[in-house]
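By letter and in written order, the chains are A, B, C, D, E and F; residue numbering begins at 1 in each of them.
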């Protein structure tokens, strides 16, 4: 692995305590892994702004909901773990991934998940009407972009995980489930 | 709750340490709950026979796979817990429920899950050819009946859970995840 | 067949004039057949109450609509016969089973069939909104339970019929078609 | 109705004993009705040839199978009646229309229905491989054309019936059910 | 080819500059080709009436939208060419055929395409409610008939094209793309 | 637009003669656009190697086939243009995008498109069996990665195009259609 990637992955590993398997799988093609990490970090690691924009927990909610709809085990388990941590909720990830379609959510979360699911599973059906519904539920245009772009990124990511038969690290299954 | 049902539920509660929410939800209709428990126990609690027949872990595998395909959160979480315990495997339930279609399984398990998924999602397409495939993979006709009947029972159960917006007890989420 | 089941099936046979094939098929597993009959009778044979609750014809309407959607020949033909008798209508069963989605029904029947079809074919999509629509159409919560539970029971029953390649008795095809 | 159409419909009525509702519905547009009848008769009323070619019963089998898949009540009921008469079988039509996917048929009939269902429901997926399977089952290229063209004609006809909310004449429901 | 058909095809060829492949493919069965041409001309070549009724461009819009949904290459390319010519728009056909579901259209066109897509892909779901929506958008009952009948005709035509693996003439690909 | 992006886009514009609309749409988020372009170029602009690996035309074939399946007008039209140029074939793009499922292709192309379509539309169903089929058709593991990664990238790209209602530049519609 080229030095810049090795350092970035090491930073993740120091934070998590292990190297998530996705990095090993994608390391076969360094240029692609680099672009993937850049895209991921631009969307998922961008600092939360004080006033507005999706919270980090909301971003993970999108990943878990759409990865559940796509039956992507790696992303459900790995990002389910991160969602438990970020939302400080030991149940939300399993409830969202097993049934994103009717899991009980508040209105803002529901609007986020509905838009994400439509883009994930039938994006050709998206019209201005659905964007307007999201706006009525209080999402700004920047937030709508985030919902859409995160859904799109994980449409890619879910398919790469399926292509490589990626299995979640054992650590993810338990992370965020125990009270601290 | 009539006395006979109260005693049966109490027996379950003593074993699990809590009353699974499904019993509270269905108690509204005692005659239906009684028939449901009878059917469930006939299929899921029948003692394992020495030589042949589905193991208890295999029966739970069917429940988790088809409830995953049906997006039934209650059954995925509750029977996922039981599968972890019975299969002594902390990862299998999450891997099966998130993607029953291509989760890595041995040949016998794959035959069980393939037949169950077909019956769960498109039973009108079942022909003698699919039963023959299951036989070639080593399933006996009694085992095929069990696969089919368990799938059918949870086709019912998943729909009752959705009808009643049933939520899993908090205890299920963690059960079977920690080494003993 | 154990004595209690033999007597119950005999009672049905005396009423119909023949033993419906479903009893022969399920007799292979007496405990399961007993539970099945208990569940069935609790939902389908409960006396009509004077004021409210689903009529027996409405219960059969649910069976025929969802069995049509599930392409279950046995249930379409056998319960189609019962629907013709109970609704005193020689055409309704064929019209409902061939196209439950847009068959012309009155508002109450339409609400019953719409809820049943959603639960039968995509139960994960059911939310409080659909239950509210059923309430607005005049269904009580007990009636909604009946719609849901009957749909769930026949989700099971349709799959058992497909598993056993169950064929309708010849008598069912003509029953209720001729003016008395 | 122009004279030529009036005479043709009268001929049908004399044979059946009533005017099938489809003629009334399409009479609104005489030129279209004329072309529809021409197409229909070229495919469905062409005399059976001694040696080869689809029998008239086989042609109705295609109509009933694909109309069942398309949930077209008019065609299921009307052509179900004709199939009962032509196949001299009081049960086949109900068995085929309720579940064309796995109804028990002999090999030639199964090949006919499989090809018809693929063209009816997902014609873009048809490749030379499926035509070869039909040939291996013994269908000639002329017979394959008939299967395809009849399926295509009723793809049109089913949609016209749905557009016009066409209801079957009461006579069709009973026709061919009673022993002569 | 019988003389009457030869003359009709020749007339088309003189107008287009070539013989569209569909005529060669269907010539195998003259009676069917004759009926097909009669039906086609009754719907597609009927003169535009001054006040009302679908314009010829609107009729081609229906063909291109539904053939796109049905993935029928021949009809997409051939009628895409005619749509470009009739609508005097070099982009509309590609935009409609690649995504009929959310292509930007004016309200009348959107109502036409929505009704056509429903009939093309799920006609059993059509109820009076959808016809009322079309009426609210300004379509007359004669126009609704045209939308439905053209959709039905091309449900047939698309399937015949798939059956015969029909390929578009090379001339269609470029027709109507260059400014005159 | 930051300087580095401005220069990259300018380089594309000099080659094509215009700025493809995708760059304008994504410029709203420079970090995301940069990662998108990096990913795109790593997969799509990597020089063809002499012996092995997907040709540039084959890479565009994947984009057009999966964008057709996803009904993404922008990618169908823009990459259809590039496919026409790279494959030196004025018809292939329209034939592939309108019906990727049964378009006539040689065996290697068919294996590429089949794998791409499965990943694009139902990636959870991918198992080792499908990868083995691709290997039997002659694809190397590096080529399989390319097929999968390009499909994944355009799963993302198609969704971004739908999110932003991206319209193709007028130039794309005609590009590669005229003989040089």
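In the analysis below, contacts are C-beta pairs under 8 Å (C-beta built on N, C-alpha and C of every residue); 3 or more make two chains touch, one makes a residue touch a chain.
Since we're looking at a predicted model, the values are computed, not measured.
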{"item": "Neighbouring chains common to chain D and chain F, by label", "value": "B, E"}
{"item": "Distance between the centres, which are taken as Cα means, of chain F and chain B, whole angstrom", "value": "43"}
{"item": "Distance between chain centroids, defined by C-alpha means - chain A, chain F (Å)", "value": "24"}
{"item": "Numbers and ranges of chain D residues touching at least 2 other chains", "value": "71-72, 99, 101-102, 124, 126, 162, 165"}
{"item": "Inter-chain touch pairs (all)", "value": "A-B, A-C, A-E, A-F, B-C, B-D, B-F, C-D, C-E, D-E, D-F, E-F"}
{"item": "Residues of chain B that touch chain C when the two form their complex", "value": "28-29, 31-32, 34-36, 38-39, 42-43, 70-72, 119-120, 123-124, 126, 128, 144-145, 148-149, 151-153, 155-160, 162-163, 165"}
{"item": "Footprint of chain C on chain D - complex, ascending", "value": "68, 71-73, 76-77, 90-91, 94-95, 97-104, 162, 165, 167-168, 170, 173-174, 177-178"}
{"item": "Contacting residues of chain B [partner chain F, same complex]", "value": "99, 101-102"}
{"item": "Residues of chain E defined as touching chain C within the complex", "value": "124-127"}
